[in-house]
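Here is the structure we will look at, set down as structure tokens.
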Amino acid sequence: AEKIKIGITQNNVGVDSYQTTYEKAFIAAAAKNPDVETVVLDAGGDVARQIGQMQDLIQQKVDVIIIWPTDGKAVVPVVRKAHQAGIPVVVTNSNIAADGMDFIAAFSGPNNIQQGASAAELMCEALGNKGEIVQISGQPGYTTAIERQKGFEDQLAKSCPDVKILETQPGDWNREKAQRVMEAFLVKYNKIDGVYSGDDNMGVGALNAAKAANRAKDIKFVGATNFAVGYEAMERGEYYGSIYQSPVDDAEAALATAIAVKAGKQVPKLNYFETPKITKANMDKFTKPVF
Amino acid sequence: MSDIKNNSFVRWLSRNPIWGFVVIVFVFFSFAADHFFALQNVENILVQASTIGLIALGLTLVMINGNIDLSVGAILALAATVTVDMQGWETLAFLGDWVLLVAVLAGLLCGTLLGGLNGLIVWKTGVDSFIVTLGAMLGIRGLVFVYTREQSFYASSFAYSDFGSSSIGPLPTLAVLFIACAIVIHVLLSRTVHGRNTYAVGGNREAAVNAGIRVGPHMVVNFMIGGFFAALAGLALSTQMGASTPNMGREYELWTITAIVLGGTKLTGGSGSIVGTLGGVLAISILRNGMNLMQVPSFYVLVVLGVILIAVLALDKHLNRRTAQEPAL
Amino acid sequence: MDKAATDGWSVRQILAQQGILIAFVLAMLVFGLFSDRFLAFDNIMAVLRQTGIVGVMAIGVTIVVIGGNLDLSVGSMLSMATVLVVDLHDRIGPGPAILIMFCAVLAAGAINGVLVGYLRLNSLIVTLGMLSALQGITLIYTDGKNVDIANQSDTWFAIFGRGDIAGIPTPIVMFFGVAVLGHVLLTRMPFGRKVYATGGNPRTAVYSGIRRGRIVFLTYLISAFTVGCSALILGSRVMGSQNNVGQGYELLVLSAVILGGTSLLGGSGNILKTVIGVLILGFIQNGLLLLGFPYYAQWLVTWVVIILTVWLDVASKRHSLWSPIA
Amino acid sequence: MTGEITPVLSVKDVVKTFPAVRALDGVTLDIRRGEVHALLGENGAGKSTLMKILAGMFTPDSGSITLDGREVAPKSPLEAKALGIVLIHQELSLVEELTVAENVFLGALPRRSFGFVDWNALHRQTAEILRRLNCDFAPTSIVGDLSIARKQMVEIARALTVDAKVVIFDEPTASLTDQEKLVLFDIIADLKAAGVGIVYISHRMEEIFRISDRITVLRDGAYRGTLDTAATSEAEVTRLMIGRSLDYSRNTETVAAGAIVLETRGLSCGDLFQDVSFSVRAGEVVGFSGLIGAGRSELAETLFGLRRPTAGAILIDGAEVSVETPTNAIRHGISLVPESRKEQGLVLGMNCRDNITLPQIDALRRGPFLSPAAELDIYDSYQKRLSIRSPGWRQLVRNLSGGNQQKIVIGKWLAMKPRLLIVDEPTRGIDVGSKAEIHNLIRELARGGYAVIVISSEMPEILHVSDRIVTMYHGRVMREFTAAEANEDSLVQAISGLN
């Protein structure tokens, strides 16, 4: 078969282990397939640079482009440009805005709204449908952060309206920042029953703060994107639950989708992979995340 | 005859060593990276350079003036946000297509006014521009988030984003815009009274005051020009995206300042030129683009970029090395 | 006492120069008025603990800036150091890990120092280049993964971020300890005088027999050393590290330094005021969180507070509110 | 005739205080049309402060200024200029990066439409002015590349750009050579003939008596009186200024020839100077005389380790040494009082004490810590010896008057107790009293066994302090004189290359 050349521009490799593991898995999976040649780029979290990279990929005339958008809206025109240049685009991990859906071949990734909702259900379950919680969200302005927060808040209001969110502050996907935010929450609120964090990295930061204030026992911690540290804390019983999301699945799904698209196969527009809830009760069914 | 030409070229180059570097990396990538040496790619580089380049034009004035503006990235985001958002305002719908013009003017006005505000604070309070604009960098970014409620805005018609990818003759519109603005600022700086006073104020503020230059308003004007170009860069970038995002332009201030300093402008003010700034901007853009095309792994890009920045500086120093007869300081 | 009297310097004049201190007290009072938790002992301790990370580095950067240079590389140097010490902790034990970490940051600082001090390259670009390069090196080292300390409960490494010395939280001890050391170094030792002279007028410094290159080199080593100390606090506090954990710290640190009245032109500045600068930033952030300001309103307020503080400081120095520039 | 002339500018009861300093204490002065009015006073007497008030740079605490019968209060240099008051600054006020023409017309560049600079007019007018001033550089030269003297001429050129009513020269000749001085005096004569009122500040009596019509003396910020130049004498003015008279005799001491401390053999540094051989003995003052550009400063810098010689040898105590850095030179017991106090001699943002102790800071320790007492001792003793006028050691050097700044630099290097002291234009801007004091100090040092090199463009100074005089021309040593055989004429011949 003829070799196909796949270009990928990722959001921000190295900013967290998820993205790094994703990249590794992607390259490994591509290496296993002798018919695939890849161009791997990283936008470093900057939309403008990502647009530049898309232009460069179009310039190189790759066969398929995979994009992990730094921003779901801002990349639409350049995706359209690729579309007009006849290069199919697969969006991975976090989707682009509705207006861009016409120009992409497919989306492959987790459903962040659904993840937020699942986390809300975990929280209801942990608190017995009643209590006061705080939320530590991801970096403001980024799609994943916004979707998870929205999914969580909407579902919480639906599933257990008696659980009240006292306050939400961003932790910028940063454990130390989350720790600082939690320290302020602990000073401010005498009673906190639960903490929801946009990912486990921040969740563990919050846990650190609570432990230092000797209040960890009274608080249930729920996160998303299960990290190794979260997994371990769960083992120790300090962390209630999280959402299991494997970057390896994510990467392999994206690659498979891209190959299928290029091969002209019929592919559904939205390809979500499984992101199940994980708690102490079922954690033995999952391998410990490598990141 | 050719000897003289040669000589003046060498002298020009020794004043703008960054251009030597631009040529070197250009030649290097032409051989090292497929697809690099192509008209299409040169256009890409120019378009990619236009964002930082436009900011750099205004910021060069501010820096020659002996000030600095760290808030340009945030101003860029605010201007883009306002412009993109206004296109969709119901209240302006009666304007038809003219809404675009109104929105663009509004965005540029925002940038100019915020620049002016920075300048005014620097002038009236006497607080160092570094700290004033550092504060503004945070504050204006805050404004952006308050305005957008953390959402990205999306240009309602593709007409806006089509502008970003349109061409005038063989050249992309944005590149033409950038080059045209560069010429205007170059002329402003080298031929007008305002431009010459910019050097005077930056070179020796006290002397400028003593000579009766109204230093305060002068600086405010330059800050306004700086804000205007940051806003223009925001518009240029948002036409490429057809959207605005609250995080756009983050850390641009550092890279812009780097480009300007590489181009020979002193942080302490008083010297610098648009020609140099242009070289600095191109150097960084070519490096970025070339490394993309060569597929340098992203972790290594950072290292290479860092090392090259320092290397360029060392080269510059070497070229301009004083003779043994200068005092060894 | 009467020395001051014969010098013609009154207590009032000296007090009048403490605009930043006044701003700090004002800010504390305002927040204290609006939030009953703000001035609580626990909260103050928590903030002091947090500010230790920025604070220790700010001392080092103050010294670099007084010497007439900038150091923007502290952010990614902090990332590198934290990642290194955390990663090595589990492999070779805390002691050796700390040792190696300090070797690494001092090596990075030495490179800065050689380039800026001896080769006389522009410090902004050099340290920005280092910022980029060190970030890359950190990523290459960890292969982009987070690092964590596996056994967090019984390692003495915990003392730096979580423990206390004689009842005082260690970060606070380190912060104030380094500050006092820095202050003594700058004001009571020949080295400090040479740093001020080098920053104030490099040419005069050389004409006075000061080895300018060596002085600048040493300031970068000091700055790197303080980054190492901050990394201890950060790594121990979090018991893990992201690759970009120090991102943005360079500007935060620089803000604190400038807030403390140190001029970017070099030659002037004061460690004790930097300490106040650090505290102002830390307490503002905390106070706004406690008051429940939405995140981005916090930034707006920070903008205003920074400018008002520095304004008060410069106004008190020149005895007039408005700048004399026409 | 005196009583009836209406002054173009009069100053009445002006008071100005700075923190901890009362710089002007009720000064009254009037300047007539077409007169040269000299202003005299010790360093720090308040001369520059008064002039800066006239030029709108400071506002007085009280008092009034009347220009052409109208009370004025210029709040900025711009306003003062519009009123017709031009100040030629004591400390150069130039933008180094710009051209001569741009500096001459700074703040008033000729424009064409749309704010463009009218380069033709600018260069034409500047060339005109430079021609009048007999300057040998082009309007397009970059000011930063010029020597101090040329920069001073650029500063002076500004006086000719506007139709001024009053032109103030604040120590314009401090760094000028004799030829340039003559040109300046011609210009002043022209201005005077055109009816401009001129204020002339200088510490050089011979100039004052040569060109001024009246003399006003300030002391400690207070007005001491105005004299008609024709009706007074140096002695009287000096007494009014410093309260005692001075002795301006030639040096007639005999040399107590000690061992040779420093010797150079065929020393060269590129095209700056070539084949310089001379020696200095302990207990001896060797003067270096030459025109600007003769290479004396460069020679001094080479001896001090700031430049690398390209050929030749430096011997100290008969042994060849390589002085590679100033640190090294200091270790060999060499001190250099550099030519430019602001750029090379002082850290303006540091206080007086710290500036004086800077080169020996390593030695002023108790254990690892600085000893404030030792530092203060040094400051106090040189403050007294050089009568440095400062409200205290904490005062920033930036806030001192020009002459007092110069004294700080001298004190700084005297305090090193060097074996070889090199002073480059040591008394630039220093008042007559202190100048005598410094000359005495130099002599005294020599008597105490030090070797001293004095570089000076002031002939009387060189003749006054030197035991031996070396003349230089275009980077080469011309002739050596002993104190006894030298006189102004023979020196002038030698430094002009006429052997």
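Which chain is which? They are A, B, C and D, in the order written, and residues in each are numbered from 1.
As a convention for this text, contacts are C-beta pairs under 8 Å (C-beta built on N, C-alpha and C of every residue); 3 or more make two chains touch, one makes a residue touch a chain.
For clarity, every value in this text was computed on a predicted model and none was experimentally measured.
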Find the chain most remote from chain D, comparing centres computed as mean CA coordinates.
-> A
Indicate the whole-number Å distance between the mean C-alpha point of chain B and the mean C-alpha point of chain D.
-> 44
Centre-to-centre distance between chain C and chain A (centres being mean Cα positions), rounded to whole Å | 34
Roughly how far is chain B from chain C, going centre to centre by Cα mean, in whole Å?
-> 29
Hunt down the residues of chain D that sit against at least two other chains at once, touch-wise.
-> 76, 78, 306, 325
Any chance you could list the residues of chain C touching two or more other chains?
-> 139, 144, 203, 206, 295-296, 326
Multi-chain contacts in chain A: which residues touch at least two other chains?
-> 13-14, 140
Category of the chain touch graph - line, ring, star, complete, other | other
Can you name the residues of chain C that touch chain D in the complex?
-> 6-9, 13, 184, 188-190, 193-194, 196-197, 200-201, 203-211, 267-268, 319, 326
Touching chain C in the complex, chain D uses residues 19-21, 75-76, 78, 304, 306, 325-327, 329-330, 336, 338, 343-350, 354, 357-359, 361-362, 364-365, 368-370, 391-394, 412
Contact residues on chain B for chain C in the complex?
-> 121, 123-128, 130-132, 134-136, 138-146, 209, 214-216, 254, 257-258, 261-262, 267-268, 298-310, 313-314, 317, 327-329
For chain B, which residues count as touching chain A in their complex?
-> 34-35, 38, 40-41, 44, 47-48, 51, 145, 148, 150-154, 158, 161, 164-165, 237, 240-251, 288-289, 292-293, 295, 297-299, 301
Could you pull out which chain D residues touch chain B in their complex?
-> 55, 57, 76-78, 80-81, 87, 89, 93-98, 102, 106-109, 111, 114-117, 158, 269-272, 298, 301, 305-308, 310, 325
